[in-house]
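Written below as structure tokens is the structure these notes are about.
Order of writing sets the labels: A, B and C. Residues in every chain begin at 1.
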Amino acid sequence: MDHLDQLENDSIYIIREAYKEFKDIAMLWSIGKDSTTLLYLVRKAFYGHVPFPVLHLDTSYKFREIYTFRDTWAKQWHLNLVIARNKDALARKVRPDAGNKLTCCGELKTEALKQAIKEHGYRAILLGIRRDEHGIRAKERYFSPRNNQFQWDYKNQPAELWDLYKNNESAEEHIRVHPLLHWTELDIWRYIQREKIPIVDLYLAKNGKRYRSIGCEPCCSPVSSEADTVDKIVEELKTTSISERSGRAQDKERAYMMQKLRSMGYM
Amino acid sequence: MNDFPLKLVITGHVDHGKSTLIGRLLFDTGSLPDDKITEIRQICSALGKEFEFGYILDNLEEERDQGITIDTTQIFFSSKKRHYVIIDAPGHVEFIKNMITGASQADTAVIIIDAEEGIREQTKRHAFILGMLGIKKVIVLINKMDRVGYDQERFTSVKNAYLDFLNEIGLHAIQSIPISASNGDNVATGSSHISWYQGPTFLEALDSFEVPNSLKNAPLRFAVQDIYNFSKRIIAGKVVSGTLRQGDAVTVLPSGEKTQVRSLEEYLRNPDSAETGKCIGVMTTDKIFCDRGYIFSDPRDTPAITQQFRANIFWMDKISCKKGQQIIFRCSTQEANGKITAIHTVINSSTLELMGSDTDEIKNREVAQVTIRTDRPVIIEPHTKTPELGRFVLVTDNVSAGGIITEVLL
Amino acid sequence: MIVILAIDALEYNLVDRFNCTHLMQKNYGKTDISEFSEPRTMVLWSSFMTGKNLEEEILAKGDKEMWETHIDHARTFFSHFTSPAVIDLPGYNYDIMEHKREREILKHFFDVKTPEEKEQVKKEYNDRAFAFHRKIKDEFLSALRENHDLVLGYFSIADVIGHLNFGNTTLMKMIYRDLDEIAGSIPAPYIVLSDHGMEPIGMFGDHSRYGFWSSSEQDLGNPKITVFFDIMISGISSGSFKGDHS
């Protein structure tokens, strides 16, 4: 098995384990490249089927292209698509303005997820989170597999898993499963390239710009790029060192940091 | 060049020069990006300190992205002959935990001893622990030769004392090499200071180390994970030893039924073989009963089905283990209730001190040699034969321990 | 001699993770600074040296004036010592101009727009912080060789560098190692104390809401920063600081 085969193999094993151990399982699909890759792997694991619900956390601020892509493929792949929204927050017109970008994510996404889990009683959620993502996201993470269940974990898991076992203070009752943990951004794109996995065309360059990471329209900025095909994106990634979330997370981090430093009288 | 890296673990008393050795090895083999070394040099001068090779190792462990803790450090370097990865860990506890739980599996171990100080209690304990973790062959490095004037007699006396000890515990030193990590003597390059030594440098010794056989040709074992009935009945699982091929005759354990592999199933593909580590679906020629936890085996060499075995475990629960308490045993896709019926020896994983023999308790972070009895038969093998059927976790309310099977008792 | 290693923003989790044995000593833990509305450097150190929660008093001075606080010697526990040496402690005798300049460059970093400019400003900021750190280190090590009954060294490097570089673990680790070595070279019983810790925000570092303490003599539990005043005073009278350090 080559490198991608190995990653694919390990992810499929994790997905199958999660399905076996938690029958009330759902997966989160953000329609982005990572979770679409995850969805693709799920289909491979279950021989073309997706035997559990696929959750989309809809903040209502997504790009139009995302909604179109979602509906097309949900139909094509016969997905049991569940669209979750924090109706209350949306009614209060929560928006990602300058000061509250962090809290907006919290309310529209995290809360919506909590509500969906409560409503449907999911015991476990599959997510496409990767280990090499950085930014504020790194703090929010906590992992499954939970204590007594999975065998493969201590061979392939990063050690923060051990920290999780020790600091088991999670208030949430569900388990998060991360089959893509060991994949890097480049791995994902190379796999997309190899398997010809469909992706939202926002990732491809138009007029000298493309999105390296997609989410809600108000918070995403494109980067300069001429890569208008997956092949070119792979080439570009091999040579570039700009972090993936540069358009998004760094912006938020900077804004947050300035705010904090001001409140403490530094600036 | 061989594709898969040789995995090493480097042990020894903390002051005997491990960090310097690794830093030097990386530097001499050109395995580090220049800008990393430059950055470390710059920080050293910003702090007003001298640059030392030990800093390189110190910092390689850390990822640039914060918030990620790594227990297993993987340090890559290459000689002209092959790739290597040093499986290193910040302290004994992590190293033992990772080794025993399979997070890192070393092919060989290197033991460093300070020529000036000689053998410390810790040096002995390290060897003992290595033996417990399944490593039998080690390379001994006698370091800081510069501090003893590169004296041959000193080297010989330290070496002989240590070899005697290794003999006692059943370990075999394939090489004993005089080095100076800080000066670079005999690490990657030879030394004019040590003209009396005719053997290989450390790197040469590594290059000539024979990689143990992979599991490719080992007897077949396929562990059943789940059964799917989406459109046809597919047995999903993982090849944990050997190679699974279409047409193979297999014995289904624990039932003993015999059948043949009709086809290997992947989504939209039917490969004709699956190697060790591969997750694959199977369809059999006969309709046999099987469930998660079953093992398909080579009919000529089947693993043991037993309820009793000896193992070395690492207890990682704050609540101590009491002899005789109920635990859940999980190995590969199997799960069974059981008890630890005897605790033969207990060792503190930080100090490596012997805590007790034939005792009743194992505390948090202790390593113990135990006998385990399960309530129903499980399919297992010694860890040295089939790692995945020789490695397990013990669960109480959490994952309380990881362990490796040393002996199957029937 | 009793020594206090006052390290701004020393983070408990990193001391633990980097296994800084001299910073950890025999007993270590987190301090309780929950009584303060925000983990502000000036407020915390002023409260530390006087044994009282001075948040209101300090904040009343306003953002600009706050940094020029100068607590009267008589209010501090230093006044109970015969020959104290206090190096660069905020609110007492710290180098106002130097730290003001630091903050200006920090602000400048956020003001400039392009990545190249940011890198340049960051380098200027870092170089300056390190140069000052070397100076303080020298002063501290000198003071230890002199005949004082109290030596307090305040080190701001972890905080200053941390604000813009906390995500660079190579850098942070080497700084922590350096601080650990400084602690290791102290030839007397000592206490390590930080006002608050640091937590990551991407590449940046924000103040966390607990500080760090360590002592070779006693287990202090989860102390408030204001109790150190009493600990110091009672330590003198009980003579517990005269003995050998472990």
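As a working rule, contacts are C-beta pairs under 8 Å (C-beta built on N, C-alpha and C of every residue); 3 or more make two chains touch, one makes a residue touch a chain.
This is a predicted model, so every value here is computed, not measured.
Enquirer: Which two chains does the highest number of contacting C-beta pairs join?
Expert: So the pair of chains linked by the most contacts is A-B.
Enquirer: Name the chain whose C-alpha centroid is farthest from the C-alpha centroid of chain A.
Expert: Of all chains, C has its centre farthest from that of chain A.
Enquirer: On a C-alpha centroid basis, what's the spacing between chain B and chain C, in Å?
Expert: Centre separation, chain B to chain C: 42 Å.
Enquirer: With chain centres taken as the means of their Cα atoms, state the distance from chain A to chain B in Å.
Expert: About 33 Å separates the centre of chain A from that of chain B.
Enquirer: Quick one: which residues in chain A touch 2 or more of the other chains?
Expert: 134, 138-139, in rising order.
Enquirer: For chain C, jot down the residues that touch at least 2 other chains.
Expert: Answer for chain C, listing residues that touch two or more other chains: 167, 200.
Enquirer: Can you list every residue of chain B that touches 2 or more other chains, as numbers and ranges?
Expert: Chain B, residues with two or more chain partners: 65-67, 69.
Enquirer: How about chain C: which of its residues touch chain B in the complex?
Expert: Where chain C meets chain B, its residues are 17, 19, 126-127, 130, 133-134, 137, 166-171, 173-175, 177-178, 200.
Enquirer: Taking the complex as given, what residues does chain A use to touch chain C?
Expert: Its residues touching chain C are 134-136, 138-139, 249-250, 253-254, 256-258, 260-261, 263-267.
Enquirer: Chain B touches which residues of chain A in the complex?
Expert: For chain A paired with chain B, touching residues are 1, 6, 9, 12-13, 16-17, 19-20, 43-49, 51, 131-134, 138-139, 141, 147-148, 151, 154-155, 157-160, 162-163, 165, 168.
Enquirer: Which stretch or stretches of chain C touch chain A in the complex?
Expert: 38-42, 63, 66-67, 103, 106-107, 110, 163, 167, 199-204, 206-207
Enquirer: Can you name the residues of chain B that touch chain C in the complex?
Expert: 36, 39-40, 43-44, 46-49, 55, 58-59, 62-67, 69, 90-91
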